[in-house]
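Working notes, structure below.
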């Protein structure tokens, strides 16, 4: 009796709050795995911000449902013979407040992000544009960007850059509304002031609670945009986000914890989507430090890793064992250059590794001692435990060194490590975006402090080469050098992991893991 | 001279009988006795951990990752997400957690009781100054404190104990001060003062024994808190380093997979809970046994 | 009494100044900075960003500038969140934390003191053991286990309550986080109450009251509970400050926009200005609550007088 009354009470309470529970079915709810740092495209740096911002703004080029590059704000373009001058014809379309989008908005945006005083973290991605680097360093006022007419933009590059069109889909190249920025200054991104030219416009942002975006009626292709609104929850706790998904509180979770894979495969196999992703998980050797300056030591340690055991037994989420630095399937490349020990069998590799270590002067009497550094994360921990166990087979004594993320990267930047975990997710689909990490000129990003004149020379040559086939061959030669020297140990190629409700239609798995809401619908 | 001798011997007699009474009362408290047995058993398991399993605590079995309890293979508690035996890891975790709990609490107890008793008893300006210092310590970001300690002294697990103890004493000090404030105006203290007994002696002989009750209760609350905080520090990468482990770390790993690998949560959490519940009953028993008003 | 309060508030100013100073320099001693990213910046961009946040200046200069800003009411920009100032972030986070925290405190005091009193009155009986065992769940099961467990049972399996989300502070969204936040406090309060209650119940004046034939209910509520509340009150001062400023575990798991995550995320991100602001708010709360505790001593125990 009491129980029934309690239940009735609970139901009445539930009914009182139910309107907020069941929003109109044209609202998509996403657990985004992070709180945005900003919604100004010039000041963001994370994939979670890209998901929101890519819905809000339309770059000169943009992504199709399958992630491929298609015309965006630019209707069409022409490229000069030498591959250095791009002329874009801007589509006739409007900002969300009704103002027309012009070539001047693009020039304004590029000058703004590249201005010396703008504290944009990843402005360096635009350095292929002529004089961009000098402009940023305040060495010149000239920039290779010119408004030729109200709707014609001309961009001149330093070198022929075959990935330039792909790069324009990146948020660093998005337009910003000149009129709104000039009127509101830094506050132009606040709800109410916010103006965008993409399929959606931001209307609400409660920090650490949610960002709400609604359909932009002025979007040029608004007729084909089916979802009325998107609510982006930070959802940083992956296990909690998975539970919300299972309870039907969200339609998309953009990641899940890999230790839950078996449960997910059992409970929601259709919703669990795993797909190859353009990224490499690797460990960097500190090549400036003994004994890791010895190529034999690096080779031995790299060989003795049973990558399939890591991907198939430890992670179990479909990651692919990596034997090259550039993931297979990267555009403008073909087959990557693999390490020599690929396909030799783990036991043979182990034997060879012991020989190499002995040659380098390490053996039972004098064991090699290594500290393996990683930043806090359950997966990193498991992989490092596995590495230590595999290296133990060679007689190597490893100590695990876990630090929080800022200390970890500070140590990598300062060269205060032996072997350190790192990862790289491509900004644009091109082998250069992986290989440049090992160039001497990359400075801090080159954690291994690898410096090979041969490698550097080939990379410079590739940058100047217009012919895509020749360029690919040169870069493959460079990769082959690095896979012999092994400053970095590739472990696996990343996969993207999403939970997508069957209600969501139009979701196509792709290597960039980009799924713009304009292509989706709720059925 | 004779008076002094007589005084001391009387004190000693009184002291002995107090403690003997307390022991007798504690022995009659069944829950406390049972809890002591449980704690003793866990301590013994932790001590002899390496001899109780055929598996080393850091051995990775790639073919037995996250398997449920398997008696054939000697994995009585199953294995963890890296393929290591959970039974032996739980016992090694007991070593770290019990040490963290006891050492940090001992540090907190020592500093907190003395500090609180002095502040409460002396009172006035000194009390105010001492309590403001506690306010300052409370408000400092604990995480940076730990991070800096690690950097300054390297990563030494014993430092975690000190760091934790050095933070946990604050609440202890406040509680002791509160109790002292209410004790200090009691007649026997006024009397001791009037007869010229020095302040440190009064604090040691009259104040501390009288605030023991709440302190013991708080100690039994501090140990669990320290064990949990340790797991948080480890989670941040500042605590115990792999392949060593602690109950806090094991429980937080288990909590991530509570649906698919419940054994990873249940075994370490069971040990943790048993220890904490036992501590609680021992604490209550001790408190009751030491309560001077409860003489039979 | 009034003079005492004024004096304590005046004393709070140097205390706050000391806290701000120590916290500022302590934070800067820790390795790693806000711009040590998983993807390193090019030198010219890093230099620009550091200059924009004054990180290129000598430390004492930065400190003076920061103190100047705070005195003029400016808590500075966040190093991590670009679109909100620290003040805006705190203004958004604090009400949410306050709402959840206040509910948790009230729940914890009611249940905790109730259980503790019950156990003390039935000392060393099965009722005592059962109540204290129940109260202990709050500390034997850490919140990072309790929160996922409750969301799993009530959110996923039974589908009675939402798994997570703030939903403008709707009650059904707050039930689970409030319970998770209150549970350990219930344990602490019940334990402290039981301990001091047992002591008080043996005191002479209670015996006298009972001997006079005063009803048990009145003895317990009006006399014993009042005296037994002392250690609880002393514990609650700082504990309340901790609860009102949120819990990172609860907020992250339940996706709530509170302040708790600023403490930990702010520290992990080396978001110096945000951490400083959390320290100041927390310190102010501590000072105020400890003052309240000390005043309550006077109310609960007439022997303590504030000169």
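Note that the chains take the letters A, B and C in the order they are written out, and that residue 1 is the start of every chain.
FYI, a contact is a pair of C-beta atoms (placed from the backbone, for glycine too) under 8 Å apart; a residue touches a chain by one contact, two chains touch by 3 or more.
Worth saying up front: this structure is predicted, and the values here are computed from it rather than measured.
Visitor: Identify the chain whose mean C-alpha position lies nearest to the mean of all protein C-alpha atoms shown.
Guide: Centre-most chain by C-alpha means: C.
Visitor: Which chain has its C-alpha centroid farthest away from the centroid of chain C?
Guide: A
Visitor: Approximately how many whole Å separate the CA-defined centres of chain A and chain B?
Guide: Whole-Å distance between the two chain centres: 46.
Visitor: In angstrom, rounded to a whole number, how far apart do the mean CA points of chain A and chain C lie?
Guide: So the centre of chain A lies 37 Å away from the centre of chain C.
Visitor: Go ahead and note the Å separation of the Cα centroids belonging to chain B and chain C.
Guide: 21
Visitor: For chain A, which residues are shared contacts with two or more other chains?
Guide: Residues 239, 404, 407.
Visitor: Find every residue in chain B that makes contact with two or more other chains and list them.
Guide: Those would be 147, 236, 259.
Visitor: Can you list every residue of chain C that touches 2 or more other chains, as numbers and ranges?
Guide: Correct list: 31, 148, 152, 268.
Visitor: Hey, which residues of chain B end up touching chain C in the complex?
Guide: Against chain C, chain B makes touches at 29, 31, 128, 131-132, 135-136, 138-141, 143-145, 147-148, 151, 170-171, 174-175, 177-179, 181-182, 185, 213-214, 216-218, 220-221, 224-225, 228, 231, 236, 248, 251-252, 254-255, 258-259, 265, 269, 272-273, 276-277, 280-281, 283-284, 287-288, 291, 293-294.
Visitor: Touching chain C in the complex: which residues of chain A?
Guide: 10, 13-14, 17, 20-21, 35, 37-40, 43, 45, 116-124, 136-137, 186, 189-190, 205-210, 233-237, 239-241, 243-244, 246-247, 249, 404-407, 409-410, 413, 422-423, 443-445
Visitor: Inside the complex, what are the residues of chain C that reach chain A?
Guide: Chain C residues touching chain A: 31-45, 48-49, 52, 80-84, 88-89, 92-93, 96, 148, 151-152, 155-156, 159-160, 162-168, 170-172, 251-258, 261, 268-270.
Visitor: Enumerate the contact residues on chain A facing chain B in the complex.
Guide: 239, 257, 259-260, 262-263, 306, 309, 313-314, 375-376, 378, 381-382, 384-386, 388-389, 399-404, 407-408
Visitor: Can you tell me which positions in chain B touch chain A when the two form their complex?
Guide: 59-60, 62-63, 65-66, 81-84, 147, 235-238, 241-243, 253, 256-257, 259-260
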